[in-house]
Amino acid sequence: MVDGAVAMPGVMIDYRSDNTGRAAPQILEALIRANQGTALGYGGDAWTAALQQRFSDLFEMSVRIFPVATGTAANALALASLGPSWGIVYCSEAAHINTAEANATGFFGGGIKLSAVDGEHGKIGADALADALAAISPGQLHRGRPAAVSLTQATDLGAVYTLGEVRAIAEVTRRGGLKLHMDGARFANAVARLGCSPADLTWRSGIDIMSFGATKNGGALCDAIVVFSPDIADALAVQLRRAGQVWSKMRFASAQLIAYVENSLWLDMARASNAIAARIAGGLRDISSARLLAPVEANELFLELPSTVMDALEADGFQFYRRSKSLARFVCRFDTTEAEADALVAALHRHLTAETTARAAE
Amino acid sequence: MVDGAVAMPGVMIDYRSDNTGRAAPQILEALIRANQGTALGYGGDAWTAALQQRFSDLFEMSVRIFPVATGTAANALALASLGPSWGIVYCSEAAHINTAEANATGFFGGGIKLSAVDGEHGKIGADALADALAAISPGQLHRGRPAAVSLTQATDLGAVYTLGEVRAIAEVTRRGGLKLHMDGARFANAVARLGCSPADLTWRSGIDIMSFGATKNGGALCDAIVVFSPDIADALAVQLRRAGQVWSKMRFASAQLIAYVENSLWLDMARASNAIAARIAGGLRDISSARLLAPVEANELFLELPSTVMDALEADGFQFYRRSKSLARFVCRFDTTEAEADALVAALHRHLTAETTARAAE
Amino acid sequence: MVDGAVAMPGVMIDYRSDNTGRAAPQILEALIRANQGTALGYGGDAWTAALQQRFSDLFEMSVRIFPVATGTAANALALASLGPSWGIVYCSEAAHINTAEANATGFFGGGIKLSAVDGEHGKIGADALADALAAISPGQLHRGRPAAVSLTQATDLGAVYTLGEVRAIAEVTRRGGLKLHMDGARFANAVARLGCSPADLTWRSGIDIMSFGATKNGGALCDAIVVFSPDIADALAVQLRRAGQVWSKMRFASAQLIAYVENSLWLDMARASNAIAARIAGGLRDISSARLLAPVEANELFLELPSTVMDALEADGFQFYRRSKSLARFVCRFDTTEAEADALVAALHRHLTAETTARAAE
Amino acid sequence: MVDGAVAMPGVMIDYRSDNTGRAAPQILEALIRANQGTALGYGGDAWTAALQQRFSDLFEMSVRIFPVATGTAANALALASLGPSWGIVYCSEAAHINTAEANATGFFGGGIKLSAVDGEHGKIGADALADALAAISPGQLHRGRPAAVSLTQATDLGAVYTLGEVRAIAEVTRRGGLKLHMDGARFANAVARLGCSPADLTWRSGIDIMSFGATKNGGALCDAIVVFSPDIADALAVQLRRAGQVWSKMRFASAQLIAYVENSLWLDMARASNAIAARIAGGLRDISSARLLAPVEANELFLELPSTVMDALEADGFQFYRRSKSLARFVCRFDTTEAEADALVAALHRHLTAETTARAAE
């Protein structure tokens, strides 16, 4: 086991995922504090009531928040609440719901179908979405019915939708009579990047429901669904119960989420991981052969790298995921250090330069 | 909020459920200890590997254990793994899967149907099960196919199956070519009652898969599925992922379950709650009008009470659930005190005697 | 193969089911007539348009009718259209949806649960229904949500709800905010029995949607769903498409259903089968030991019979189903003859008298 | 209504679909002949037994055949029988299951996901399939599990897989441990084209299960699932019952399918529609601006046409579907006449020449 990853010989430096990291100590301490007295089960407790209030304050409207165990549960159950089981949900080809949740949306939605919409850097393009909707007329029952749109903020390639981009998608969505979901597994990173309010980035821009991620950003055992359209919430509450996503000792989930947003902890952590990613991206500017797949706007970097360079990095003790033979993903956590960032930049500089020299010599 | 429930005027005494209670401090402390270094996500960490080993030792065979968020998830996903979606799952009318999980089994099982089998005290009777199976012949496709049997140990009425009873059911189940599931939401209470080994009560008695409960017995945020028939486990692992039941920071779940069974903590807690229930039941023996629905063999008491007596108890500050107009449920927790038990007995004695006198005077 | 069942030695007389019978020749001839020219697929043809009009006339309101392949499809898809997937559908224990459709409702409804309500002769009792609804309060999410009620007309035990009984159930259903479905697999027999209009027995009595059976009453290859609440129909149209229940050459289904109701063919056939059942029931009045499970109000008789008598009937060449060791079902078809009825009565008289004598002699 | 489509002024000529056409008279006459005597329901009749034998002879092995109402039902239920509900089914982007069945496969499969594989003319390429399978490793639970491959023969763009192409796909499929389904909605057209035996094109080439289409090729009210891998069939039988796809008067479905293959009727009809399509394609060779999307190997032509030409054709009385602003589909039926074919060629010649002239003049 790694005891704190530092840039020293023989020590691993972990860029594999934001879920390999620790939880913020404040969140676990909140669990201890919540462990007193008895409390009604399944969310009928004082902590969960406080959570509703705390998130309503945060989002500047009376939201409904439902803690759930995982982001997959948040996404699939949120989307299932938006449409009929013969509905079509539009998303990016790169969306986590499309690539990495074993078709949970299709399962919880009773046959809901995901349909990929073109766009840059893991985004949906508003025009491409409009074209996709225009291609199905109301009478074409055999096509299923367009039901919802899901956008991932920050995207699965490390970019961030601007407010204007979200609103353009929202307008197409509304015009088509659909509902709009935001997969906010890295919502904190997007808010930190844009410097806007959570309200601006969600319901004020047309979001009906969101997956509010905490785990990837220093959380421990829960994420949440936040509902902005109140007509969705009551049915979702029953569905969550049936889905095995309502803890009987809910206070221990609610306490985590309260601690997560208390004193801007969530934004502080997102700013930290964003800053590390930006530091690495900055360092890459000096390496002419380093090619990024998308702008680095959150805490992830997708780098096109020769496999020999990837081998060399791993030999150095860097851990990261190979997304293909020539694409490596590096993810920064709230507790990734500047020294770790600089170590990665230095290693990339060294190996890419060697590679370029070797190629030139061929 | 209640600050420790004691038998004093103006203070509530909570018999509502075993999920209104605190978690064992050891379990939350284990979370803090697990919060160091980085670790591979989705169960690829050292804590989860240790958990597999720890439970294989506990059950004296190489089991597969999957932590999940709730008992509903454990039951529904375990049962869905046992049969085709047109399968029939036999259970007690009183079973939690039948009365209290919003038909999660039907949902996760893609249409699996629950069918109630008669029996005493929340149990399935082996003969009644045999009759039910005999009533469907292989050619009767319109009936669906018998797929599995689920027994709840301890039962939903507070009784405990003997080893002989479990084995009799297992034999009927095997003869019918079905699989056998145990809903062990209160498995600890049953093991504590019987004094047998976990292995004896499960796979050595014919159980293929179980829901291993922790939450109701001092746990915090997870229960588990334990698989004894290895052919079931691989498919279940994918299904759990799709079901949103695989935490990315799984170490925080695994650490809870390791702490739960460490140093017999789980059995100590179950013995404690069982002992309180037995103490109350013992006190009731002196009250001739007190009628129990089932023998008190675990940590629950189901008492037939006039509604006036229930009103009076609530006025005294006792919290409990009314299961019907004349049935009250009292649940003891690992931290329910003897003083709280004695206070309940005293109150019941007082109110039932008053009631009897009033009736006689009518 | 049977070449026309007549009451002659060595010839089988078939009382097994109303689906073992022939189709009315008029219905098959309609197929031949519809086989001209080209026609838009999936219901966009002239025959299907005519069918909508024909059934709107028949029911005295603008209904939507969807031909489907089977009664199971009609029931399951109608019920799935009425509620959320976590809904509870109340029905009789004896209902076909509960006993004979391999839980199609649970499947098409994505986890809908059937819940049995007490009543006589295969009926739901309005008071028992009210009690069942009262037992679930809105806050009890773990119970699922009451969604719909399904009554079978005529019932699965051969009785017929009066208009007053249907309306009493409808009132309880409405009060609970639920929808009301009628499984009309033998709707024609019920209308024929009551002498009321189809409108009186359905939407004027509070039915929202029905399964309109044809197959059991001289139809061939289709039944239908008839929708009285227009808000249900559009979604159902997509669901039927997805369910593989929309024939591309729909004209051949629509033509069958038009022929079925043309010139009162459907009611003539139902009157014929009802009359045969009544004739048999009349003959049984002279046999003191003949015990019927329910009043004979449609085309079925459920007779308690010693198994020796069942054996003797089969030896005589009568075909029927044994529902248990002591219960036999006899179903009359539109083309069952009076001679066949009289043959059955004579055989029952003979064997029951012999049995009584034998018992007396013991 | 059209009274027989002939190439005369003021008369529509229908190229919309092969499901707008009539049924072969022999098939409807078979229904009349089957309407005698009583017969056990749900497939326990003599006609269904004969059907099993007839298709076993046709396919030169002991197959199981299940008549179903529609091609959507055949495809979705066949695919649902092949894999777990978290399975991935690989198909062409253009496949009917992917574009035109409202995600029936996702629904009946309980969340099965379709994944498009590249290829020409509506086909799957064997190499592209191998790449797709290689992209998911066994440990990547979050991706779901590859379960089956579905190829459409003839394809949805009017091409026909050669035997070699089918076998190459089958080999990749087997190597991956998957099952292979053939959507044979136009199987007759493919067999007619290739001149091979039904056995060669299916199980001898590695097909496990197929959707055997009849409706598009002169059938009336049923298609079928044919099972070559016997281990699949028993479970499918229950699933079909639950899916509402088992007619109680099954003889009327079985009789249609027997008539369909009797005396090579099916192949005669397919040869006829293929020949008409070939005649049109031949005529197009003289029109330099006519561009076909795929080779015309069955009964469909996909023509890239300016929308002005499509308008002109419609004004002439030709009916066809616009698949996009510049793509028209023309489908030939078994009873499309040579005169109708020549009329279409002539009109295309006229309008495309005029268009070319007009463009040149711009």
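By written order: A, B, C and D. Residues from 1 in each chain.
One rule holds in what follows: contacts are C-beta pairs under 8 Å (C-beta built on N, C-alpha and C of every residue); 3 or more make two chains touch, one makes a residue touch a chain.
This one's a predicted model, so the numbers in the text were calculated from it and none came from an experiment.
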Comparison of B-C and C-D by number of C-beta pairs in contact, larger one: C-D
Maximum centroid distance from subunit B, chain identifier (CA atoms): D
Rounded Å distance between subunit C and subunit D, as computed from the means of their C-alpha atoms: 35
Separation of mean Cα positions, subunit C and subunit A [Å, integer]: 52
Centroid spacing, where centroids are CA-atom means, of subunit B and subunit C in whole angstrom: 42
Where subunit C touches two or more other chains at once, by residue number: 42, 85-86, 101-104, 107, 110-111, 141-142, 144, 238, 241-242, 246
Residue numbers on subunit C that touch subunit B, as the complex places them: 85-86, 88, 99-104, 106-107, 110-114, 141-144
Subunit D partner contacts - residues on subunit B that touch it in the complex: 42, 84-86, 110-111, 141-142, 144-145, 235, 237-239, 241-242, 246
List of subunit D residues in touch with subunit C within their complex: 1-5, 14, 16-17, 19-23, 25, 28-29, 31-32, 35-42, 46, 68-74, 76-77, 101-104, 107-108, 215-216, 219-222, 238, 241-249, 252-253, 319, 333
